[in-house]
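You will see subunit A twice below: alongside subunit B first, and alongside subunit C after that.
Right, the complex of A and B next:
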């Protein structure tokens, strides 16, 4: 993705100073206690999608490590992945594993799942593909694997939702929190980022450390040379011994393979722990609106994971069905999730800015917000009716993307909304905005006196930053309304389309007819 | 040379046929019609005619537009035609002044239960729960409407008429929509695309035959952006700028070429270290310099029998980035008062006699799929009635030549990047082939 002008300037500053620089006045990730975090790390064989080994555990503790000697044996991999299920499902508060019980409406404490980088997210997607609908193996195992597939699928989908606070790819978190003096493509390597952050000394020292760290793979794939030289011989020995039914030979080879995999997994786990520690050591405070985003994430977790695992339909959020790992084939499900994603982006973009002056400055520089001084306050209302009008002047040299009729709100007081009635240039080429205050005219209900009424003359000469208000409720409402199918145009808008990609076997796709019937 | 008059009569006959078929379809209470239209072909006029006839047939008619200004424009045109209508407005907008015969209503419970025409935005219609549905819903600029938004309109009526221009800017998608790329009903794709993919056989599938806005040679230039054939109502050479004064240099070369064809390209050298990011002051100054040069030549514009002096309000400037538009605005002076500058999104639905645009790929040396998508270029290249000047850095042909886009689309989906690359190449190649590209040394050479 192309960089914005702000990002280019920040990156040039980082190059100039020879070290990563904090991005933002506040941190935009919640720092949870260790017991609310699960680190999850995978390695796989080149060209395979199934894991070869898995490491998982809490920060600061020795991870549990699972490996299989031969990752191309479906049954062995399933056996290994099934062992991960209880820990992951307990952490995700699956109704059958949660310490808080099965009720989807129970209020849960926040939690996070940390992964080294995005390739590990993709592994979650692979696991969802492999196990969401599997019926392979004995029943108790495939039920557990189905549950794990659902959990991995939900984590993967949730990771795509803007503003989510549960699935944390460490590289994404660090690159959002800091600006690194390096090309974008290199910033997907966690070791590289941590070397920049944690090496002391000159630019050259940091750069050399980062380049050295980059030599070691942290993605789910293992360095091809290492795989060829250290793992493949062990694998060949293992398979030869297996063909000869030579158990001691198999065990010896398995130990050899495990030793390499443990080292690989341990390094990735350690790097992820260090990323978490870097954030905990950061002196910046957390953005105070992160709590709202965490609430939204827990709400999504309740609606899209716990509720569906309990098979409880929801009047607003649709029937309980297992979404296909690939896409949403049911038109209402696709549209509903699309609107939720839009609403989430709206919430994230318009919420955090209220508590971060750097974000505000970026919006002002882009012409998406106004930073100015109130030069006039008047009340155009008659009788007891109040119609507060502000005149605000701001720097006319900046670009402006706002138009007359645009809605804005006051930074730090998001409930106070305004509408731009007029924009003009002053003789000294400043912008002059006439704004009508449309909401929160008198102040909040619990006003302790610090918020003046919008028509108060004492507001004159105050500086204000005005940003766009969040319209996320609209997206949420649409996500509910789009499930309504008893409508006259449903024959066109809500019918399940008759195209080949809809009719998938049940073991790989959701049952669309059942969704439609339950909805009706 | 085609025989003057005969050709236009053929177009008029085709338009009348399309109009009659659509009116009959609506009055006969058929369920689905889709009308594709090139820019400036009279699609809103067609919508107004069909909606009026449906209303006369005592149907309850709803109209969904994609913006408030489109809804206001339709209401104004209903008012001018003496057709009463309702502007279904947002709460708080009922106080806005409406044209004669137009009533503003904000609450859906207050909409009439009998025959009427109600005009609102897709966003407004999609957020209510209508107890008393309409008979038919017309959707204006339907290709700008995402499928998810159309789903919400299923409650407005049981019959649909979708009218729009498929070459223009697709629905804006700000989120990562990759999860739905392979969905049978991808919520972010233009609604008519999905409707036609499944209902083409059962729907009344019409297209308007000609653009009335654009000069003949522009129609030929933008035709590759479309999947259906269309012509220009204007005869070749009948729309002209006739300068009264000679202007020297690059500006003179531009005006001289506009005498031969309606579209001219102007290139500036690309700096050694590559073009500036986002805001290219030299390109902005050049675009404004060309506008100034055209006005200094004191031209009359000629369209058929009409002939008038070209004034600044007859000229529009357009770039895809706000910062570029702001930069161009800084170069305007009093003599250029009245020239409108805006983004292609805001130019949609508007027109000028002369447009001067900054090519969307100017300064983009590694075009992404978004850059190669031709919706913006198509809007920018179809706002003029007489002349279009396209300004760009001269790396453009080389960039297109050396950059082969990867087919990164999901399995089974069209190669939009590849197609955009081809369309961009054809567009610029046609200007070069017609010797319609002028090379400027820099903004100072334009004045």
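Right, the complex of A and C next:
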């Protein structure tokens, strides 16, 4: 996505100062205690989608490391991944593993899964593909792998939902929290970002450290030179020994391979740990609305993971079915998830701004909000009825994307909503808005006197910031309604597609017909 | 026809075209692409090291996957193409112009080139001939003109031929080893694959015109991509890939490249890594992902105060103004011209909001 003018100027300022600068007045990520965080990192062989090694554990502790010498052997990889399952499923509060029991309605404490960057998120998707529907191998193992596949699939899908607070790609978190004086393309490298943040000294010193850090891979793939020089010989030795059924030879080669993989995984784990530490050391406070986002994430976790794992249908959120890792091909599910995503974006974009003046400034710079002064307050109501009207003036040199009839709310008092009646230019080229206050005319019910009634003349000459109110409830409501069969349009949202493309192999596709029968 | 004295692995010019297309503003990149002087070689001469390696495992996987597709007369790929309705149920028969080292039948690219042209002529002469192939592996064509030096060869991974349409339709396919993850498949990777397929579409247009076969075939503007099923070695076909824009892009690119090739001093084979090193550079954010010289060029761009060292968006915002000058303007310097005045105003508006905070 292209940078806004505000982001460009911030990047220039970061360059001028020779170091990353904090973005935002508040932090937009929750800093949870270590025991509520699980770090998960992967490495894979070039060209393959199965993991070659996995490291996982809590920050500040030595990670558990799993490797397999030959990642092209399906059974060996399945055996390795099955060992990860208990830890991940416990952390995600899978009904069969949770310390809090299986009830989907139990209130759970917040938790996070941290990964170094987006390539590790993709690995979660690969695991979902491989294991969501697998029946390969012994039953107890494939049941566990199925559960792990569901968990990875949910984590991956949740990571796509705007404003989610559970699946954290460290590079995304850092680039949102700081402005780095470097090209966007290079900011997907965690080592690069941390070198900028943690090196002391001049711009040149930081730049050199970042460039050096960038040379070591932190993605799921390993540097090709290292693969060629260190892993190819080990793997050849291993496969030769395996063909000759030479157990000592196999073990020796496996140790060689493991040594390299442990080093690779350890570095990625360490970097992720450092990213978490950087955020914990940040002096900014957390945005006070983060709790609402975490609440929304836990609600998604309850509805879309724990409920479905318990096979409990939900009147509002649809039947308990696991979507294919490929895409949500069932039309009602697809529509419902679309609305959830829309609602989540709305919530994220319009919630955090109330507690962050820098976010407000970004919106004002983009013409999406008004920062101005109330120059007139009048009450157009008759008798006991109150119709408060404000006239607000603001900087006319800034862009403006708001139109007459747009709804706005007051920053810091999101319940007080206004509608733009008229926009005009003053003789000195300022914007002049006439706004009618439509909600919270008298203040909140628990008003301690600090909130003036909207028609109070004392509001005159006060500065206000007006932003769009969140309409997330509408999207959320639609996501429920789209499951209903007795509404207009149901013929479209409830028809199971019949085209050949939906006929996927059993290993990767949900049974659409069975879902339809259950819903009927 | 040039004799195959060169290493055939460097003769397929599609990679060079894509290299050029990623940063056509950079003269060094143009010389490297047109004269076939790999940037890795240039970087090694310049700094003693190159950075853009390919995983040996990924290369082996790609070759194994491609071999599996065309094994037994292309049975696996033909079946997949029929299932996804790229080819009709009656489709059968493979014409294989891949190199022997890749499991094909041709000794070198010249043989593949002659074989492809011969096949196109034969099929046009006798459209109803029994045993005609519906799938071609490694179809090789030479772009007329002097787009690349010494020649511009394209090797098309998979070419479907619909004999049941009149005139027969040629459908371009591109094979990639990465997994097809439905709507989550990497957009950048898909865009690259489409761009490559678009080059083939335009290449086929030119070659059919040169062979005087334009009326005998139709080149489909929709192609297909062959990816892998995640976790399996089976193909996943993405059909209906719109290649119109990509073919147009290739058409325009070839014209520009031909002009660039014509403007270069000396005949083919005279350019050396030194010619690339001496050429003017134009660093952009895209260089990070494909060019071995990116670090060197970034250092030069930084010294010159180019906004591109902070990303393409910053470069666009600053225009011709250097980083230092932009910071001076922010610090209060008087603009020297209208462009600087406008830049200063835009930056001050943003900064003004900060002070409001």
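We take it that the second predicted complex is superposed on the first by the 511 of 520 C-alpha atoms of A that agree within 3 Å, B and C clash if a C-alpha of one lies under 4 Å from a C-alpha of the other, contacts with A are read in each partner's own complex, and residues count from 1 in each chain.
We take it that a contact is a pair of C-beta atoms (placed from the backbone, for glycine too) under 8 Å apart; a residue touches a chain by one contact, two chains touch by 3 or more.
Here the structure is a predicted model, which is why all the values come from computation and not from measurement.
With both complexes superposed, C is the one of subunit B and subunit C in contact with more subunit A residues. Once the two complexes are laid over each other on the shared chain, residue contacts for A:45 go to subunit C alone; subunit B is not touched. By the touch criterion defined above, A:125 lies against subunit C but remains apart from subunit B after alignment on the C-alpha atoms of chain A. By the touch criterion stated above, A:393 is placed in contact with neither subunit B nor subunit C. After overlaying the two complexes on the shared chain, residue contacts for A:482 are found with subunit B alone; subunit C is out of touch. After overlaying the two complexes on the shared chain, residue contacts for A:228 are found with subunit C alone; subunit B is out of touch.
In the superposed model, A:34 makes contact with neither subunit B nor subunit C. When the two complexes are overlaid on their common chain A, residue A:493 makes contact with subunit B while staying clear of subunit C. Once the two complexes are laid over each other on the shared chain, residue contacts for A:367 go to subunit B alone; subunit C is not touched. Of the two partner chains placed around the shared chain by superposition, subunit C is the only one that A:186 touches, whereas subunit B remains out of contact. Across the two superposed structures, the residue set of subunit A contacted by subunit B and also by subunit C is 2, 5, 8, 326-327, 501.
Interface residues of subunit B, counted against subunit A in their complex, comprise 31-32, 92, 123, 126-127, 129, 133, 137, 147-148, 150-160, 174-188, 194-195, 197-199, 277-278, 322-323, 326, 368, 412. On the side of subunit A, the complex with subunit B involves touching residues 2, 5, 8, 157, 160, 162, 326-329, 331-332, 334-335, 337-339, 341-342, 345, 367, 399-401, 438, 474, 477-478, 481-482, 484-485, 487-494, 496-499, 501-502. Interface of subunit A with subunit C (complex): residues 2-3, 5-9, 11-13, 15-16, 25, 45-50, 122, 125-126, 129-130, 181-186, 211, 215, 221-225, 227-228, 232, 324-327, 357-358, 360-361, 364-365, 371, 395, 397-398, 500-501, 505, 507-508. Contacts from subunit C toward subunit A in the complex involve residues 51, 53-62, 83-85, 177, 179, 181-184, 229-232, 285-286, 288-289, 295, 308-314, 317, 323, 326-327, 330, 345-347, 349-354, 356-357.
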